[in-house]
Amino acid sequence: MRQIFSLLILICVITTAIKAQNSTAGAAPGAASAETQDRVEQWRGKTVMVFTPHPDDDVFGCGGVMAMLARNGNKIIVVIYTNDNKGSFDLEMTSERLARIRKVEQEAAMEVIGVPKENIIWLGYDDGELEYAEPKALCGQAAKLIRKYRPDAVFSIDPGEWHERWHKSDHRMAAFNTADAIRAAEFHLYYPEHLLLDGLKPYKVPLMMFYYAADEANYWVDITDVVDLKIKAVGKHVSQFEPSINKYRPDWDPNDFEKLVEYLKGRATKKDGKYVEAFRRATGFNPQ
Amino acid sequence: MRQIFSLLILICVITTAIKAQNSTAGAAPGAASAETQDRVEQWRGKTVMVFTPHPDDDVFGCGGVMAMLARNGNKIIVVIYTNDNKGSFDLEMTSERLARIRKVEQEAAMEVIGVPKENIIWLGYDDGELEYAEPKALCGQAAKLIRKYRPDAVFSIDPGEWHERWHKSDHRMAAFNTADAIRAAEFHLYYPEHLLLDGLKPYKVPLMMFYYAADEANYWVDITDVVDLKIKAVGKHVSQFEPSINKYRPDWDPNDFEKLVEYLKGRATKKDGKYVEAFRRATGFNPQ
Amino acid sequence: MRQIFSLLILICVITTAIKAQNSTAGAAPGAASAETQDRVEQWRGKTVMVFTPHPDDDVFGCGGVMAMLARNGNKIIVVIYTNDNKGSFDLEMTSERLARIRKVEQEAAMEVIGVPKENIIWLGYDDGELEYAEPKALCGQAAKLIRKYRPDAVFSIDPGEWHERWHKSDHRMAAFNTADAIRAAEFHLYYPEHLLLDGLKPYKVPLMMFYYAADEANYWVDITDVVDLKIKAVGKHVSQFEPSINKYRPDWDPNDFEKLVEYLKGRATKKDGKYVEAFRRATGFNPQ
Amino acid sequence: MRQIFSLLILICVITTAIKAQNSTAGAAPGAASAETQDRVEQWRGKTVMVFTPHPDDDVFGCGGVMAMLARNGNKIIVVIYTNDNKGSFDLEMTSERLARIRKVEQEAAMEVIGVPKENIIWLGYDDGELEYAEPKALCGQAAKLIRKYRPDAVFSIDPGEWHERWHKSDHRMAAFNTADAIRAAEFHLYYPEHLLLDGLKPYKVPLMMFYYAADEANYWVDITDVVDLKIKAVGKHVSQFEPSINKYRPDWDPNDFEKLVEYLKGRATKKDGKYVEAFRRATGFNPQ
Amino acid sequence: MRQIFSLLILICVITTAIKAQNSTAGAAPGAASAETQDRVEQWRGKTVMVFTPHPDDDVFGCGGVMAMLARNGNKIIVVIYTNDNKGSFDLEMTSERLARIRKVEQEAAMEVIGVPKENIIWLGYDDGELEYAEPKALCGQAAKLIRKYRPDAVFSIDPGEWHERWHKSDHRMAAFNTADAIRAAEFHLYYPEHLLLDGLKPYKVPLMMFYYAADEANYWVDITDVVDLKIKAVGKHVSQFEPSINKYRPDWDPNDFEKLVEYLKGRATKKDGKYVEAFRRATGFNPQ
Amino acid sequence: MRQIFSLLILICVITTAIKAQNSTAGAAPGAASAETQDRVEQWRGKTVMVFTPHPDDDVFGCGGVMAMLARNGNKIIVVIYTNDNKGSFDLEMTSERLARIRKVEQEAAMEVIGVPKENIIWLGYDDGELEYAEPKALCGQAAKLIRKYRPDAVFSIDPGEWHERWHKSDHRMAAFNTADAIRAAEFHLYYPEHLLLDGLKPYKVPLMMFYYAADEANYWVDITDVVDLKIKAVGKHVSQFEPSINKYRPDWDPNDFEKLVEYLKGRATKKDGKYVEAFRRATGFNPQ
């Protein structure tokens, strides 16, 4: 019955398709329709932005694809909404210190993935408080970065995966905000100060890849070649796991780590015998 | 398994049913239970309110039914949350000017549909910013209008259609707000100043028709007779389409318009060989 | 396809499992993993918190289980977000008076269920306005109570039941807020003033039971033995029903009440020939 | 030393003076510079707006001048921010009822002064809660009314009288908001929807008279002729005085009222043996 | 010229005077008019509330009078808005730790003054962020405490001392909020949930003493007898002074402390050769 | 009587004085107490920040001193809160265009004063809406810039000049916000993300110079040598004056400009026969 909705969708599609060819908003070079059919495995020389609520959802959600893209010479910009400074059971831990720890861990994880430190952008919100941010300013921050980096694709947490959406307010807010920012970035009349003050022109993101997209996934990537890298990157987030989450220590006991790796590898998602990451792929704001 | 929920529902139904008969809240004359089974095609002399996030969602979502209702002598009040003043790729366009353009286009579209200019109520919020409005005041604005016009039915965007809900924040907010306002309008203890200052009594909306209701649709209307009117009305929103969306021009090149009409007609939603519009019909706040 | 999501889930599970055994956050004594498999019918001497948006959703949603738990010697704390002071069609009614009436009715209903008056905690928000509360403070109120009472289980309205979520803003907000508070209560870095000023340590809720969980229910409880108590408790909410909702009267005409009981009983949810209440049971913030 | 500030002031004065003559903002006919020197006693056929935080501050602050203006054939529009629905010690009183009482009393007081009921505009905010209103919307409400009525003068509570400002938050907020609205009303780029949707052109208020202007007063009006009317109008606010404020009664015991009148008259402000009202008069936003 | 304002004032005075005698709001026993003329030195058995933005403004502002009142058998309740957890130059300091330190220091200072730990009420707001608190809830917190303790006098920071007001946002906000709360506490229609849920009746504070009242002071108290206690109490706030503010240490080097004492004593405010504390004394919300 | 306040002040002075010498907050090199006695005329090689609500208040308030400082080899950073995009009577003007015009004018004015374009920092808030900005984020923006540029002095609009404060809400807000930001910048526990994410250490501003400081001025600077430059810079703000404010034109008719210059020069503030600018000079948050 979804097709009854199609009148509206098609109208949008017409508009969008025409726009993609000659919009003054400046689509990325090479964003031709053939290109958007390209498999992620083939990308070379592209710019990709990954928005993540916390420093680790990026790796959990699409660390394999990120490693593959980095290896293939694409530029990855990671935008992290919160500093993840509250999730510790260690009563000696403080928010200020945990933020510092989480920053170092994320940098180490990204080094494993192949993203240099200077490509990590921290928005610095407190863990668990993204939903309290002033929404217009928050959306503007993300839109400004999109207009600056003009990515060929944006990876973001799926607002459509409702289990995540309602369980973790930062996930909910990060998902909505990135989607809203992608829309705002297209039109110069949203946040006109970006153009006025910083010379940033509007930009239409040609492709969205939503991770954590369980039931709605429509695109799978074989990450078998990079699954070890992904797990290694996960392991850099020491403070997120037992025993460090209970009593902070900056490193792993080799035994503990071995158990973690074994466990993760044994349980990693597979499809047709391959390790995969799942996405909901979209090129516009409508079901496809 | 939905029926396990039925205890609560039934309790509400009892209450509501009894209320419908003798509530002091003042149900519309003729809102008898038989009547609520009436098909929309039979309506005559009714008052219908259509709430729309932007000036065009009304036409896309239920323009056919609106044309049919107007032709049949019903009174239609259209309430438009935002002025849609940001969605242009034309770098020469300004928000102030776009708002003026969108207003004229909507008036032209409504003229086609059969709704006079004085029945269009603009709330005037900026495009893309409805979610930033103060929620209690926003709900009060909608509730006040409901209490004033006392409609036999309200048409509104479906808050249950999640794809729309998370993709477009104005849609999300308009959907929730109208639903909340319908509830508030029933009880005099919400916004008691409406009664005190304006003499507006509480009012219970007997019927809700939610448009953009893809998967949840439970009611279809054959709009074959008015599909041309609907498409003509859509065409009045020139600034929303290529080429005007990229470089503003107030009118269509006949060739461009012909292509649009052909395209829309060819792809319009059909059911059993007829052009239809789909709705989720509800008489109370519970699944049915 | 939900299992593709499992990598993340399993990582959380590892962490959580280990934490459950030796977390400094102080799991409740007896919260062993075997125990969490226990059926609710077997609980004795436990502490259970029930969060409800209005004074009556608790009874509608889980009044049967509450009565069973009370009878079996468990301690029940009921936390009520709003005072339900607006839902009357009686034009003579005022908000202040309705709040007083609703309080007395809830106390009477709880007496039937077996919850003493001193175990009812009112947060006192206005009916229909929970969504306007300052969200960080609201979450802190709930988290503080969780840290104080350290319940073996929390019963709350299901944020996953979207029909309720979008129809009634208090339900939506109460559902999200309780879930957020459960998460915040675990970590001392959320609301550190609870520890500093009131000596309240962080606490991890081992079990969540979400009521109003139609399509997502995964746990049913036979309430046949207590269904009469439940209905009697429902009946204490006189002002919520016809005729009192239209013209307030504090008591039932015996005939009206008999009809209500009969009606409720005849339509109460059944599964395999038994009266049941349905829940979505969860021990962590992930699908199970 | 105040004159060191004069560079800025003079620049403003130049601009303003020139504007006053040929501004497209549409100064009221007759707003010539000679006219602004006119004494209030000479006004005939003018439109005057009085903004008041509560229904009674208008009478206390400038009821004498209002009576004089009404008698002389000027049109007075009274805009009342709050409904004053909380200031009673009577434990039986409710907010809803007090709002109704205060409305009737204000209408009676205005009848004494000579202002017809239809010239009273209630904004309807709760007593003591004006400061919680969404400020941009509140300013827009006042600006819209100014643009609609295009008054020759605005009377408002003095934001410069700090004792009032900090003691009573509604006074503080009403004073600031009216001043902000006067500024916004001048420029079409503030609240452009007033022009777009309601055809209301910008308007520059040529004269401001601030009441409750103790130390800063620079203009006094002899109200000896109307002091009886003023006191009679004050007396219509029965619920504000003992004994009605403690135990509501709608009327005065003649003895109580006589004592009140005698007391008020005996203590009314005098200057040079005359009853007066004091104002801070201003024609622009600078000290003069 | 201040007397031109007197009409309004007198009206209030009449009302207030009559209310003071027989208000149902429940004036404190002994709040007779003779009593309000009493000198603070004579108070015995009274309840006094001191509201302070930070843990130390109470001692700086009125520590001498507090010591005198405690010695004379009065009960002192200290309400502290913020936890003062940011004012350290020590880069090793964290907010969580500083809050703990400030709490211990304040308890030690109060012990010197004669206020037991259980009479200190912390509202727990972050230092420098009081102005960001939701204002209606903040006012309700203070009003609730006033209704609970029903003080014979409230000491609070002077909102009229503008130098402080604009320099330090917590001072500004604490001053306004306490004044607003005193007003709200009088009327049962503000925060009616206090009566409904907690049985707290409205209460009119008969006397306000504003400290930090430089130019507006109208009341001085000779604190010569207790100046040593005051200085000793000030000295308990070790973390506020050099060297501890730069590099935290919990105690004084005896030399440093001696210098501090000497310095403070040498420069303490004097009037007519006596050490004094200055106040703006008020019994209502009008200049006197 | 101001000296009764001195106990508190002196305590602060002790602390501050000691801090000034060896604070880890990093006072600017050369911020010795002798230096703070320096006259502005003697400054060489210093860094000065000027905060201004609109692009022109800087020139009106301290354009002469700015020109003098620039000429003497000091570095000036100008931070502009709003883009001043609403103050036009030209009905053809739009907000977007006016923002562009104001930016060009301010750059031209600064070129006259001697401040290069790259030293102008625009925060980009809409004219008249600074008060609606999220206050914690706004304060953080200003504090971050202070920590980055580490100025020897900050020039800002005087929050103590109440006439301006209540008349123009942007002025009010800019004044408070800069003062709050100066305080926040001192302590690393305010906005710790500045250090964490951007490596910006806390910084104590040693000197504040408040312009628009009429009655409270305590410091005057002879600007006779640069008064022509100041007036020339004022003249660059063409759109602020008649006739351009009524019907935009980008330049002056020579006759109009000549009249303006003459007028300004003839009325410029003088003291002892010299053109002067007046300031309230402060080195800490207390009267001096």
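Each chain carries a letter (A, B, C, D, E and F) given by its place in the written order, and its residues are counted from 1.
The working rule: a contact is a pair of C-beta atoms (placed from the backbone, for glycine too) under 8 Å apart; a residue touches a chain by one contact, two chains touch by 3 or more.
Computed from a predicted model, the values in this text were never measured in an experiment.
Participant: Smallest number of touch links from chain D to reach chain F?
Facilitator: So the least number of steps between the two chains is 1.
Participant: Give me the fewest steps it takes to get from chain B to chain F if each step has to go to a chain it touches.
Facilitator: The fewest touching-chain steps linking chain B to chain F number 1.
Participant: Pick same or different for copies chain B and chain C, depending on whether their interface residues overlap by over half.
Facilitator: different
Participant: Please compute the C-alpha centroid of chain C, do the same for chain E, then give the distance between them in whole Å.
Facilitator: Spacing between the chain centres: roughly 41 Å.
Participant: Go ahead and note the Å separation of the Cα centroids belonging to chain A and chain E.
Facilitator: Each chain reduced to its C-alpha mean, chain A and chain E end up 50 Å apart.
Participant: Between chain D and chain E, what is the separation of their C-alpha centroids in Å?
Facilitator: The answer is 35 Å.
Participant: Would you please write down the residue numbers of chain F that are in contact with two or more other chains?
Facilitator: Residues 94-96, 162, 189 of chain F touch two or more partner chains.
Participant: Could you please write down every pair of chains that are in touch?
Facilitator: Touch list across chains, by label: A-B, A-C, A-E, A-F, B-C, B-D, B-F, C-D, C-E, D-E, D-F, E-F.
Participant: So in the complex, which bits of chain D are touching chain E?
Facilitator: Answer in residue numbers: 60-61, 85-91, 93-95, 98, 127-129, 131-132, 162-163, 166-169, 212, 214-215, 217, 220, 234, 240-243, 245-247, 260, 263-264, 267-269, 271, 276, 278.
Participant: Using the touch definition from the top, list the residues of chain C that touch chain E in their complex.
Facilitator: 83, 96, 99-100, 103, 122, 124, 134, 137, 189, 192-193, 196-197
Participant: Would you mind writing out the residues of chain C in touch with chain D in their complex?
Facilitator: Interface residues on the chain C side: 94-97.
Participant: Any idea which chain C residues touch chain A in the complex?
Facilitator: Of all residues in chain C, those touching chain A are 1-8, 10-11, 14-15, 18-19, 22-25, 135-136, 159-160, 162, 175-176, 179-180, 183-184, 186-190, 202, 285-287.
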